[in-house]
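In order of appearance the chains are A, B, C and D, and numbering begins at 1 in each one.
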Amino acid sequence: MAVSTVAKKLDAHTVRADFPIFEQEIHGKPLAFLDSAASSQKPRQMMEAMTAFYSTSYANVHRGVYVLAERATAALEGAREKVRVLLNAPDVREIVFVRNATEAINLVAYSWGMNNLGPGDLVVVTELEHHSNFVPWQYVAGKTGAKLAMIPLDDQGELDLSTLDSIAAKGNVKVVATNQVSNSLGTINPVERLATWAHEQGGIFVLDAAQSAPHMTVDVQALGADFVAISGHKMCGPSGVGALWGRGSLLSRMEPFLTGGHMINSVRLDKTTWGDLPHKFEAGTAPMAEAVGFGAAIDYLNAVGFDAIAAHEHELAAYALGRMSEIPGITLYGPPAERRAGIVSFNIDGIHPHDVAQILDMNGVAIRAGHHCCQPLMQKLGVAATNRASFYLYTVQEEIDQLVDGLATVRKVFA
Amino acid sequence: MSEFDQMYREVILDHYKNPHGHGVLDPADAQADGQNPLCGDEVSIYVAFGEDGETIDEVKFSGRGCAISQAATSMLMDMVTGKTATEVAVLDKQELLDEIAIPLTPVRLKCALLGLTTLKVALHKAKGTPLPDGLAGFDELELT
Amino acid sequence: MAVSTVAKKLDAHTVRADFPIFEQEIHGKPLAFLDSAASSQKPRQMMEAMTAFYSTSYANVHRGVYVLAERATAALEGAREKVRVLLNAPDVREIVFVRNATEAINLVAYSWGMNNLGPGDLVVVTELEHHSNFVPWQYVAGKTGAKLAMIPLDDQGELDLSTLDSIAAKGNVKVVATNQVSNSLGTINPVERLATWAHEQGGIFVLDAAQSAPHMTVDVQALGADFVAISGHKMCGPSGVGALWGRGSLLSRMEPFLTGGHMINSVRLDKTTWGDLPHKFEAGTAPMAEAVGFGAAIDYLNAVGFDAIAAHEHELAAYALGRMSEIPGITLYGPPAERRAGIVSFNIDGIHPHDVAQILDMNGVAIRAGHHCCQPLMQKLGVAATNRASFYLYTVQEEIDQLVDGLATVRKVFA
Amino acid sequence: MSEFDQMYREVILDHYKNPHGHGVLDPADAQADGQNPLCGDEVSIYVAFGEDGETIDEVKFSGRGCAISQAATSMLMDMVTGKTATEVAVLDKQELLDEIAIPLTPVRLKCALLGLTTLKVALHKAKGTPLPDGLAGFDELELT
């Protein structure tokens, strides 16, 4: 990630004032929301953009010749351009709006995978994958006769790249699919190297950026990816919208995925032809207001600055790791602070994460307890579940203190 | 008394730390595995019937889980020993919840009922007794 | 549709005050919005419900044990129950949230169709279908070797059911897929009869209710459907959300469609098992706020009353047909007012619909001009496009007058 | 002057009612069909080259469309006659828009440019001249 020369520092208390969710108490305590990796809270500015769109510029897009339809189309296409800039995609026609990162990955798995994979082929994922970048590949591999292979983790929770050669020996590597930041451990993965490796093997590289795009600059060209999936709801945008970036030369050769209204060029009983990009992949009425809200969220994040956000989260992660490592009986998972995003997964000896999270909730602290949609990783760690605290641009140090205090209470209850 | 004192009251923590019927029966007359997809917790239930092939003579559970699920399953072991398969199959979950007697949110309800649901599945497989509510109907198909 | 004994009459001027979009002028004229069939405008109440959700109760659903996650889950599941009641579905687990009706139909086409169709099988659609209930079936038929057949229209724009026997002679009827109300002609189709016929043939009946659910009571049990698709954005709800209802006994036997987070029971490298209904079909983060907005829209529509809405639209359609039939050179398509919903398609001799719509826009009147995603129908009508005016609960008679006046201007320009 | 008087000015309506070059050339030296997926409008363009096999000797169009697309295509026929294939391939769309000289929204722009785009595709197919902007690059693959 490029570090800007004039690094703007983020004032989380100021940012926080834009988020109405914090104007309430939980169980009589201030809300310490430490579950942003699951979904982020929303700034007023994003909600206002959606309401303004519905109130002044709403109509179905693309086909209407009247003013409201033109405004709505301009708003949707304006949002698409914002996503293009966010990802530094070469061409706006390569940005496809979807519901979420999961759908983006399924689109690639079905549209590319079902038509390009077969026996002898290998789809390579990692032990760190979210189910959304694991199950679609497992499913498509099962349907096509391809095999699934996993890049294992080392003891630090980082990918063990020394295994790549032996993996390549198992078949034709056709797909390498990994996340950029692990939602469980916060590991920042060496995705440029994996992209290069994928291309050396003659495969495509599919990047799950659901957990990185909210927190750092993702440049699809610099990374050398072929497909990149993101979710709006994790980055201050509304639910119901995400985006797939795909290399135009691949997208244009692919069959469509969902079919129906809008994605066609012409429809006849004997033959239907597909529309141009990106429309070929956007069947039916688009998540229009959601795209507009996503665009507003991107504006908001840009105004704060991705470098400032990354630096702030890094500071919080280091602080949290420092304070939490002093808690007796705690196990902290994942890599050292330098190589992790604002995510801390942990367990406390003899106390199930559900119980930890429940007692924390009573102290106003919201963390996630579970497998975080990473059962292969949990199997590797030898646990059913972990606790996870995750941070974002509105997270303040006081929330981490509240977490640490809460953990003391947890230990007292279970003493 | 604060809310979590209510939730993690003494008897829950006691059952959690010293669960009744924790273990494995091998062979077992009835057996089933259950899991809570929300957190990955797993429980296995083992039943041995008495001479009549109907009355639960011994019942054990193994697996991992939170205090609520472990305590609830532990209490369940006490509740059902000596009952017939048919009696247990129609056991109202409220009876167990009354025993647990703590405020439960929908997510934690799944934890509390995991053992009971799995036990009913075990009895269903062994004796054809009715499935629990949540699994009856079309989801039945997914059981096998 | 059942007519309630105490028929509440709808006051469209009062309803209209709930819709902020009408608080503006277009080209210095009041806005006459006659394109609700493409997408409806939004009441304040719906937008407020979404903003309140984001501001007080937002978190990712289902897995969190903390208060916000519980509230969000309750809100999402509450919305699901509202959709269940709307459709009179037997079980709430049969309601799957999707992006739109198009995705709902694709889900069935992929999940059921890809696994149940083959050579010798027949998928029957109608000449009246929207591309979204046509192209997915054509696509799946092409992939599986099944054939596609069309029930033709008669001269009134109504389905010619006398052709059913000859259609059945062409193969095994495995799917019958039709809309309940045509978005082009407003035709209300005899879907109960088609459902019965489908079942007699041993096939399933898939109902596209995208254009009926906004305007009339849709009772999946009374209709005898197997799958029903609806879109929230056409019925005062937000974009980005729709619903599929499917018969539980079918849904539970089907393979999943999208795979990934949330839709699993457990994930292992060698085997993944699917979650219970409806989760099996809801991969990734759901359109949570959109579902909440959809629920609020359903509440809004229920408060006005579906009988009152249907009666109001029927009145407007009769009035529009009456006034428009006097315009020289006009061709009105579709069935008589008694058997049509609030949709009027027309052409004016020698003037292309684009030009009609453009000039109307300059008079503040928004109508749609095009093929309305119904190219097979346009081929049947022998035109490339039609004009379409469509009405909803907020439509007032003055808007139809404004349309008729506008059409006089159109004729003057092209005189 | 009101907005629609501007848009549907006399010269547009004249071209619409009496289009120049309306018809078919059979055989044609270059030919292509275009369509506007937004409204289903279709246009076919036919080109005959002069002795040099480069200069457009005659050009005609058929199909259906709105006043804007028909008038624009009619004007285009006048503009390109006598030009070489290469000259037309690089013809800036702005030249045509200047000729049309009415305010166009993005949707109507597609109508206005349908004829020009289709003509450039016809020339590309016959002579290998460059494709128009919108079709160059990866969408090229979808042309065939």
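By definition in this document, contacts are C-beta pairs under 8 Å (C-beta built on N, C-alpha and C of every residue); 3 or more make two chains touch, one makes a residue touch a chain.
Here the structure is a predicted model, which means the values were calculated and not measured.
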For subunit D, the least number of touch steps when starting out from subunit B: 2
Where subunit C and subunit D are represented by their mean Cα positions, the distance between them in whole Å: 37
Subunit A-subunit D separation of Cα centroids, rounded to whole Å: 45
Distance from subunit C to subunit A - Cα centre to Cα centre, in angstrom: 31
Multi-chain contact residues (two or more partners), subunit A: 27, 63-65, 69, 264, 266, 354, 358, 369-370, 375
Touching two or more other chains - residue numbers and ranges from subunit B: 38-40, 108
Pairwise chain contacts, counting only pairs that touch as defined: A-B, A-C, A-D, B-C, C-D
In the complex with subunit A, residue positions of subunit C that touch it: 20-21, 23-24, 26-27, 31, 33, 35, 38-39, 41-42, 47, 50-51, 54-56, 58-60, 63-69, 99-103, 105-106, 130-136, 138-139, 148, 150, 231, 233, 238-241, 256, 258-264, 266-269, 272, 283-290, 354, 357-358, 360-361, 365-370, 373, 375-376, 379
Touching residues on subunit C, where the partner in the complex is subunit D: 27, 351-355, 358-359, 362, 369-371, 375, 378, 384-385, 409, 413-414
Subunit A-touching residues of subunit B, taken from the complex the two chains share: 2-4, 7-8, 13, 38-42, 64-70, 108, 111
Of subunit B, residues touching subunit C in the complex: 35, 37-40, 105-108, 134, 137-142
Sites on subunit A touched by subunit D in the complex: 62-65, 69-70, 73-74, 91, 93, 248-249, 251-253, 264-266, 274-277
